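Per-chain residue numbering starts at 1, and chain names A, B and C are given in the order in which the chains are listed.
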């Protein structure tokens, strides 16, 4: 069985994080899948998806470490194509990754109590984001 | 067809690596799936899953580079929530990722001879870890 | 339904990137799957798979940032096992990740207009690469 639904969110620009766990759990419930997995995929190349303990400290720490290791700069080659100042956004998103696949059991995500599915905006301005959620199983 | 089984391991703290390849292959064999894929997911937010050549050198190099780029420190915002000194553990695990999906063919993982599935403990103390393995296919 | 096919490419060594999007879309079309997802997995431990805007600037920026953060060196522990100078290749590939799972809808990848599936060679010499593509869904 496959069930697919889209989540749409509005972000505030670089470093803005959303907790998608409840919405994904609701989609899993609607799908009727008891055991299987669910893939959560950000459509677009300047935002990331993953798991984290979704608490205020780490919501600052994750964007901070990304901006430290892959800093904003006009020196990226990407500037020569687009001149839009978001080369670091692409690199941050690509390195963190655009999707995650999480197991499903008893009609729910199998994730830790302090392990949530996050969406991280890496682009420099607010964006509307489409996130495709695909559940498969029995 | 979906088959799901849990692996439990005991880790020794930050930088401890386990090779899960044989256990995952056994679960694939038990599942009866001939062609498809298998998802290997760490339940919890301070350990990572991925692929690597599982040899002693890289078992040191991977934790070393993580601790170099995302170093232990009391300066992370995460400290203000929990005061437990493992902010870097969360960031290391999130950046490396909590899961991997590997193709299955002829009832076995399709992975390179020198490509194993690893579990990396990023937390600062020994932990018992649940790893959910979900096989899907025909 | 599960459909599996291999892509073979020849790479030019560290930093060489290939856009796999068209080939993966062709395999999705051949599979007959209308809705589901597709897993793209690099067989081997020194190359990476992910999504990026596949344009000339980022094709330089991604290898550059990898070589800056995880630089070539003879100091890695991996050298003591193999003496082949590609410790950084393993670490780069493991950190970026060996696979991606992308949703399928209307017999096509659901990815952004500027979001392509890339293969990145992290090894130091040209390699022939096997990439396993597994489509599953209905």
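As a working rule, a residue touches a chain if its C-beta (ideal position, glycine included) is under 8 Å from a C-beta of that chain, and two chains touch if they have at least 3 such contacts.
Quick caveat: nothing in here was measured; it's all calculated off a predicted structure.
Participant: Which label fits the chain touch graph of this model best, line, ring, star, complete or other?
Facilitator: complete
Participant: Through what angle, to the nearest 5 degrees, does subunit A rotate to match subunit C on its C-alpha atoms?
Facilitator: Rotating subunit A by 120 degrees superposes it on subunit C.
Participant: From the mean C-alpha coordinate of subunit A to that of subunit B, what's the distance rounded to whole Å?
Facilitator: That gives a centre separation of 19 Å.
Participant: Touching two or more other chains, which residues of subunit A qualify?
Facilitator: Residue numbers touching two or more other chains: 69, 95, 97, 101, 136.
Participant: Inside the complex, what are the residues of subunit B that reach subunit A?
Facilitator: Against subunit A, subunit B makes touches at 1-2, 4, 39, 41, 43-45, 69-70, 76-82, 87, 90-91, 94-95, 97-99, 101, 132, 134, 136.
Participant: Spell out the part of subunit B that touches subunit C in their complex, as residue ranges.
Facilitator: 35-37, 50-53, 55-62, 64-65, 69, 95-97, 100-103, 105, 110-112, 114-115, 136-138
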